[in-house]
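Okay, handing you the structure first.
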Amino acid sequence: MDGIKQEEALELQRLLQERQSLSIFEEATLHYTSLCFDKCIGRIGTKLDSSEQTCLSNCVERFFDVSESVLYHIAGSADGPNQGQEKGGSFF
Amino acid sequence: MDINALTPYDRNRFMAMMEEKQVKDSLRLYHNLVERCFLDCANDFTTKTLTAKEEACVNKCCDKFLKYSARIGQRFAEQNTAMVDIQQQLISENASQ
Amino acid sequence: MSYFNQQQAASNQTFMQLEHEMEAMTDVFNKIISSCHTKCIPTKYSESDLNKAESVCVDRCFSKYMIVQQQIGSKLQELSQNVQEMNAEAAARASQ
Amino acid sequence: MDGIKQEEALELQRLLQERQSLSIFEEATLHYTSLCFDKCIGRIGTKLDSSEQTCLSNCVERFFDVSESVLYHIAGSADGPNQGQEKGGSFF
Amino acid sequence: MDINALTPYDRNRFMAMMEEKQVKDSLRLYHNLVERCFLDCANDFTTKTLTAKEEACVNKCCDKFLKYSARIGQRFAEQNTAMVDIQQQLISENASQ
Amino acid sequence: MSYFNQQQAASNQTFMQLEHEMEAMTDVFNKIISSCHTKCIPTKYSESDLNKAESVCVDRCFSKYMIVQQQIGSKLQELSQNVQEMNAEAAARASQ
């Protein structure tokens, strides 16, 4: 590519990386916001009461706890519920 | 669809596609499980970790979903024998090489 | 590039049909998983296994979904044929 | 592209078109199946009863009726609820 | 973000992006409306067309959703004044050309 | 190609930031539309307008969503900083 100097190329790379990681953080914020909002807030009252606040401040970490728990559980039963699935096979 | 029409090159493509599919399916299963069991089991939010009751719920939720999913898979395979036969044939031919 | 000789073309076509079929089947499978879970699996999770009622429900739900799929497919085909017939009639009238 | 004869190119084009229209039909079948299944079938009983059957046979056409109704309604109120949206503008 | 840094070329790109966005948003709105009002209003299924009651429901469903959507849009614009200002500036500059 | 001169590079960067911002805002907007409709708009549709209770609900729902978004963003940042600190400590220990 004509006209692109070394420093410009490095700058571009840095910007792309920055944009990528911002994007992942934004994706996560978007996803957990809607998840925790739907989970923690029932009836829309005047303000966020203390139980809603508690729920919200613990929501993300409890989600990670569940993720970890599920992963551990699936990994443990890798031979069980996947009967019929041979290497490369599917059989749904 | 004549399976014997597949060249060795395309057979490999098919195997690669199946493996990729399995990876995608596993990821999707994982994400579905986490979201579902979180929504159904995590209700306390007053403690710093999941309570014992919530942990037990998550375990049962996982087991149940996996068994449910496997059952649907069985019924589905029974319905789609043609595709299952194709998959089995290509896999065994691949294994015997 | 001699890629498009007869044998390779036939092989490629078969591969693409398989790929397409697999994709369609995966989509249906995932829709059934979603719909039948709502209708058959209660969310209180008292035990790890599917009990008898749940198993029966799952099997029935699956068959019904397949029946519905066939009926919807027929209905869509019928409706699109009606549209084609109407278009053909309109074209015939227009050319008179 | 070497080696592609006229007839092969036409055949390829025909196949692509075929695959495209099959795909649209399949997409529609997939979408309406899950929609009508969720809508028409509540409790899973022994077999599809007559009310469920009636619902299913009318479901797709009622969906088209609603689509038409909504379209007509939106088109009619094009000046109303989009206040603030100027040409090319958004303001959400 | 300095808007004055935008060249005329990129200003046009922005306007084109906004128009494309409006089209996409309208399509999405339409599909959401149809699915929602179908699920909420179509309950009869014994007649060859929508009943008068169902038609009325669909109309109210549409109106309500559009007004609801506009209200959220207003609150959203109030929250994001920076972006709204940018949009307004670029649109008026485009119009005066 | 002299595309990457200073002015055009700055302009392009601004454009991409705007595009990114618009996309992010659209995503948030659509999530709010979905969540707040469930919580505020009953499905029986007795009238065309939003009544007072629904309007109040919608406004409150919107503010709450914004508050939740901010809290979640802070929490994720805090958690990722913790991970970074742990990694730095582990690296420091490993290099001793």
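Note that the chains are named A, B, C, D, E and F in the order they appear, and that numbering of residues resets to 1 at the start of each chain.
Note that a contact is a pair of C-beta atoms (placed from the backbone, for glycine too) under 8 Å apart; a residue touches a chain by one contact, two chains touch by 3 or more.
Going by UniProt, the chains are A, B, C, D, E, F = Mitochondrial import inner membrane translocase subunit.
These numbers were taken from a predicted model, which means no experiment stands behind them.
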Report summary line: Top of the farthest list for chain F, CA-centroid basis, is C
Report task. Please report how far chain C has to rotate so that its Cα atoms sit on those of chain F, a copy of the same sequence, as a value between 0 and 180° in steps of 5. Result -> 180
Requested in this report: Starting from the mean Cα coordinates of chain A and chain E, work out the distance between those two points in Å.
Outcome: 28
Query raised in the report: Which integer distance in Å separates the CA centroid of chain B from that of chain C?
Result: 19
Report summary line: Here the gap between chain A and chain C, centre to centre from mean Cα coordinates and rounded to Å, is 30
**Report entry** Per-residue overlap in chain A, given as positions that touch at least 2 other chains
**Finding:** 40, 59, 61, 90, 92
Query raised in the report: Considering chain B alone, which of its residues make contact with at least two other chains?
Result: 18, 21, 25, 41, 59, 63, 67, 69, 72-73, 76, 80
Report summary line: Among all residues of chain C, those touching at least two other chains are 13, 22, 25-26, 29, 36, 40
Report task. Can you check the complex and tell me which residues of chain A touch chain F? Result -> 1-4, 8, 15, 19, 23, 25-26, 28-30, 32-34, 36-38, 40-46, 48, 56-57, 59-61, 64
Report summary line: The residues of chain B that touch chain A in their complex are 15, 18-19, 21-22, 25, 29-30, 33-35, 37-39, 41-42, 45-50, 55, 58-59, 62-63, 66-67, 69-70, 72-74, 76-77, 80, 84, 87-88, 91, 94
Query raised in the report: What does chain C use to touch chain B in their complex?
Result: 7-8, 10-15, 17-19, 21-22, 25-26, 29-30, 32-33, 36-37, 40-41, 43, 45-50, 54-55, 58-59, 62-63, 66
Requested in this report: Going by the contact rule at the top, pick out the chain B residues touching chain C in the complex.
Outcome: 1-3, 5-7, 9-10, 13-14, 17-18, 21, 25, 28, 32, 36, 40-41, 57, 59-61, 63-65, 67-69, 71-73, 75-76, 79-80, 83, 86
Query raised in the report: What residues on chain D touch chain E, complex-wise?
Result: 35, 39-40, 54-55, 58-59, 61-63, 65-67, 69-71, 73-74, 77, 80-92
